[in-house]
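Paired with chain B in one complex and with chain C in the other, chain A is shared by the two complexes that follow.
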Partner chain A sequence: MAFYGLLSFSGQPFQWQLLQDPYLFSILRFTLWQSALSALFSVLFAWPVALALLHLRDSHHKRWFLSLCVLCFVLPTLILITGIVALLGQSGVLTPFLGEDWNIYGLSGILLAHIYLNMPFAIRAIYLRLSAIPAGSWRLVQQLKLNRWQQFRYLEWPAAKSATWITLGFVMVLCFNSFAVVLALGGGPKSTTFEVAIYQALKYDFNIPEALLLSWIQLIVAGGLYLIVTTFGHVSWLGQEVKNRTFLPHPSPRERRFYNVVYSAAWMFLLAPLTALIPKTRDVWLDTEFWSSLIRPLSTSILLALMTTLLSVTLAYAALQPYRKALRTRSSSALWLDGLASHTLVVPAMVLSVGIFVFCLPRMDIDQWGFFLVMFVNALVSIPFAITQLKPALASYDQQYWPIIQTLKLGFRQRVYVEWKFIRPVLMTAASFVSVLVLGDVAIYSIFGNQDFVTLPWLIYGYASTYRIAEAALASVVLLGISLALVLLLEKQRSRNA
Partner chain B sequence: MMSMLTKHWLSPICLAAAISLSSQPLLAADSDNAEKSTTLTIYTYDSFVSEWGPGPQLEKLFEEQCHCDLKFVGAEDGVSVLNRLRLEGDNTKADVILGIDNGLIEEARDTNLLQTHSVDTSVVKDSLNWADKTFIPFDYGYFAFIYNAEKIKKPAESMQALLDSEASIIYQDPRTSTPGQGLMMWMNSVYGDNVDQAWKQLAQQTVTVTKGWWEAYSMFLEGGSDYVLSYSTSPAYHMVAEGNTQYKAALFSEGHIAQIEVAAITRNTENRELANQFLNFLVSKEAQQIIPITNWMLPVIDGVELPEAFDQLIQPRDIGFSSDHIANNRKSWIREWRSVVTQ
Partner chain C sequence: MLRVSEVTIERPPQQFRYDLFVQTGEIAAIQGVSGVGKSTLLECLAGFIHPVAGDITWNDVNLLPLEPRERPVSMLFQEHNLFEHLSVRDNLHLALGKDNNNDIHQAALALGISDHLHKLPAELSGGQRQRVALIRTLMRPEPLILLDEPFSELDDDTRSVATGWAREQARLRQKTMLVVTHQAEDVTRLADRVITLV
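Moving on, here comes the complex of A and B:
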């Protein structure tokens, strides 16, 4: 449907002359440039932190730090944007120390936000690989008396090399598709990415042919990048660290000091924008009018997240049924279905939204169905996430229980009961993951949303862009609280699964 | 355009419209059928409907006369009003659009989504020379850069001087905002074929380009820049409402572009009578008394008493293009601008 929409709009042809417009090349250049830089810095900064996590085995609150990493990666971006503005904007806490020429709007702001959102992901991915180095290898390192550089060169780097490259590519794809950060911190047209250009073509210019052409280019470039990355394999980052490691060489005191500094700096970097919100809220803490104005967007967001999650997880479960059946009967189509299910990530939310928008435009009143369209598109976008969570659990369930269930000839209700018992924790993980993603959505809302159902992130965007930082901060804190609760739920379920 | 700003001004875009104005339930299904009186829906820009803008007062006054329900729906800025109308086409819920300007008139007419009005245009000031059958003016003013005289001791006296200075500037996106579009016309009329170079110079000094006037102006008041694109009438607000005289409009020797803000009736409205009644009301003396001191623009009829502050405003020389010329060139001007300002 989206693709059909992308192909047609009341017979208007593509504007091929846009291909000769320098505008197109400057946004392509900028989109690639900022995503490459973001990916590079995220991974570069992640390495020392991952090493510090590994070698400071007794470091405090390591588990908390890893949970914080999950939170940062899935954090609704508007919270971070408000935090960064509170810290480094015109009247930010740290701005006076940054000199006259400092301007958060532009590449600096975009990079800062992207590094913040993606470095934690890289830290986890690299750290997981490092922590999987077997104790025997460490013993060997010690026996051979390898120096620090050799230890890195022959042991640590090879262990996490592939994870590093894949993370680099993956983060680049994510930043290539970035929307809210660029819209809010880009400082207007000087830093325009494809997602923003598509949004502007549609909502600023009402230039549908241009929006469609841009969508196709975005789809091709992002899809190409994604395919390149996935041929190198995929990276696990939500997994548990390998515990019971019995041996690790003790770092030298100098090394230890370095790790401690890195570790503390990482804590500070990740906490600073979030804590900076709190003092800013002071002005409106007791403003009852503000609180009552928050109720509607808040309940809209929660309702939207609940309904979308239900839809997304159900659809993901349903989509996995043919795959399970194929797996049980050992049919060769299992592999093909597997491929299909895990490659839907390619289509960026914005491209999907524009396709569906153009499809629906002549067919229905988009304003009236806005809420359901936001829900539907969000569900579509989040299904791959739900599938990657559910798939291994369902496969192992079938493997372990299917023969017994068949032998016992269990009735439908009993089978549902047994399966529910088994997959409930995974379902909860998938659900909380999807909920956080939906709660933070801005891209899809920006296309289908309207004033009749303002979501919390959009409200924050409205406040932040009219410079009402106190209100933006307080609304952000509320959203942060909900996201935090969901991440903690997710982490709890995950450790139980493990 | 200037509804405004004290410390606690206004609920922004979303709030004003979503909470206080929207009578629709959360899930957006239409439940208006139950109501007895007719609803007149007006698309306008956000600051017009904000708490301090003309919206609430006009609404109250007009509802007393018409026994109807007046519903304002706010977009980010004037150009967005037209974009939204185009996007919705014949399905639009708007009976009236309010807040596009002379620069957009021909383009709006070409959509064929509007119809002629029955208002007697002879009430409009002679100086505006108004005889349009589709659009009714409701206020006017001149685009100007506003600065804080306590910070800037020697303001720029021409566009060229502003671009040659190192002052920081915030302006609005010409694709969404009528002031942004006004700046585009201004730059094109001052620089003609060399406008590329001028945009480049301006880009060096630009802090940010915002979607609407409101974002830009509030950022400026927070100390975000030395100059902000607004109106020659903006200082009147600060004088009347706040007693502040430090905000001033810079008078440019090249001349200024005038903005006439207009309203029109949509083609598919079911409330044609009521819509005409509203346009008549817009140019009535009681509405025109309210608009200058809430939207901070000049009245379009004679005989409106204005606060003294209005006498102290700059008196710019009028330059600019005909509506036809603007309609023919707007797209290519925008393309030119956007090619230069994207890095």
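Moving on, here comes the complex of A and C:
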């Protein structure tokens, strides 16, 4: 449907002459530049933090830190943007220390937000690989008396090398498709990315041919990047770290000091924009008008998240059935179906939204059906995330239990009972993950949303763009609370699954 | 009678050939060196592996066109016999039905696992898990029982009790049983006849 929409709109031809427009090249250049820099810095800063996590002793706060990393990666972007503005904006807490030339809007703000959102993902991905280094290798390192550089060169880097490159590529794709950050912190046409340009062409200029052409370029570049990245493998970041290491060398006092500094700095970096929200909220805590204006967007967001999650998880489960059947019968189509289910990410949310928008425009009243379209497109976009969670669990269930189920001749209800009991925790994990992503959606809402059903992130965007930072901060704190609860639920279920 | 006539199974690079029969109500021990295809034979009888040639009949009914769930077979596998996320009691109820509660309790008492029914399989030792799986397999209504190394994790005393119980149940319920085992004592205590695969 989306591709049909992307092909044409009421017979209007593509504006091919746009391909020679310098504006287009400036967008492409900036989009690639900011995404490459964001990915590079995210991974570069993640390495020392992952090493610190590995070599510092296990503790409660380390587990909290890893949970915070999950929260930061899935955090509704508008919360972070409000936090960054509260910290480094025109009247930010830290702004007086940054000199007169400092301006949060533009490349600096975009990079800062992207690093904040993606560095935690890179930390977890690298740390998971490092924590899987077997105890025998660490013993060998000690036995051979390798120095710190050699330890990194021959043990740590090879263990996490592939994760580093894949993470780098994956983060670049994510930043290439970034919307809310660039919309809020871009600060003008000089710092525009494809997603924002598509949004502007569609919603402000109502230039559908231009939006379609931009969408195709976005799809080709982002999809191509994603396919290249996934050729090299997938990166695991939500798994449990290996805890049964029996031996790990003690760091020297100097190393230990370094790790402590890095670890503390990472804590501060991740907590600063979130804690910066609190003082800004004090003016509106008791403002009843604010709270009454919050009720409807909050209810809309929760209802939207609930319905989308239900739809997304159900569709993901249904989409996995042919794959499971092919796997059980050892059919070669299992690989093909596996690829199909995992590669939906090739199509960015904005491109999918534009395709469906153009498809629906002559066929229905988009304003009237906006809520359901936001739900439907969000569900489509989040299916791969739900599949990522469900697929290994269902494959392992089938591999382990398919013969007993057959030999016990279980009926339909009994099979549903046994399978439900098995996958319930994984379904809960998938549902919390999808819910938190949907709760933070801005890109899809920006295309299909309207004033009849304002969501909480869009309300925050409205407050932030009119410099009502106190209201934006308090609404962000509410959204943060819900996201935090979902992430804690996700972490709890994940440790139960493990 | 179970008849396996000139059955050939391809498992590249190996090829297995079987030609044997087991009388109704008989208990046959299947023996042979590792890799000779003992488990493969049981998996084929249960319908999880398809032969490239030959026939398998049970009381003159051809089993080959039947899916595993349609065959008159109850099988104990070498591993993955219990649903790990369900309690032992739920595992047994699922396979045997809640109406058999009294029989389940008696069997659990006889095999020394009655105190563990409320636990999850992961909380049990390997031997305890095997005894649960043995109850589940033997008390099923199917007439043909296939046991793939069912006593491998049991100590001598428990093994003696378990083989005795299995033989008694097989006789009582008129089961035809094929047991893969490496232990000579199991053969002596349990089997009517030995089929050696070569």
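In the analysis below, the second predicted complex is superposed on the first by the 495 of 498 C-alpha atoms of A that agree within 3 Å, B and C clash if a C-alpha of one lies under 4 Å from a C-alpha of the other, contacts with A are read in each partner's own complex, and residues count from 1 in each chain.
By definition in this document, a residue touches a chain if its C-beta (ideal position, glycine included) is under 8 Å from a C-beta of that chain, and two chains touch if they have at least 3 such contacts.
Bear in mind the structure is a predicted one, so any value in this text is a computation, not a measurement.
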Touching partner for A:Ser91 - first (chain B), second (chain C), both, neither: first
First (chain B), second (chain C), both or neither touched by A:Lys409: second
Per-residue contact with chain A, leading partner among chain C and chain B: B
Contacts of A:Phe371 with chain B and chain C, given as first, second, both or neither: first
A:Asp205 touches, of chain B and chain C: first, second, both or neither? first
First (chain B), second (chain C), both or neither touched by A:Glu100: neither
Partner chain(s) touched by A:Lys421 [first = chain B, second = chain C, both, neither]: second
Overlapping contact positions on chain A, where the chain C interface meets the chain B interface: none
Chain A-facing residues of chain C, complex: 46-48, 67-69, 73-75, 77, 80-86, 94-95, 140
Contact footprint of chain A on chain B as seen in their complex: 11-15, 17-19, 21-22, 24, 26-30, 73-74, 79-80, 83, 86-88, 91, 93, 173, 175-176, 203, 206-211, 214-215, 218-219, 222-224, 334-335, 338-339, 341-343
Residues of chain A touching chain C in the complex: 400-401, 403-404, 406-410, 414, 417-418, 421-422
In the complex, chain A residues that touch chain B: 21-23, 26-27, 30, 90-91, 103, 105, 107, 187-192, 200, 203-206, 293, 296-297, 299-300, 303, 361, 365, 367-371, 451-454, 458-459, 462-463, 465-468
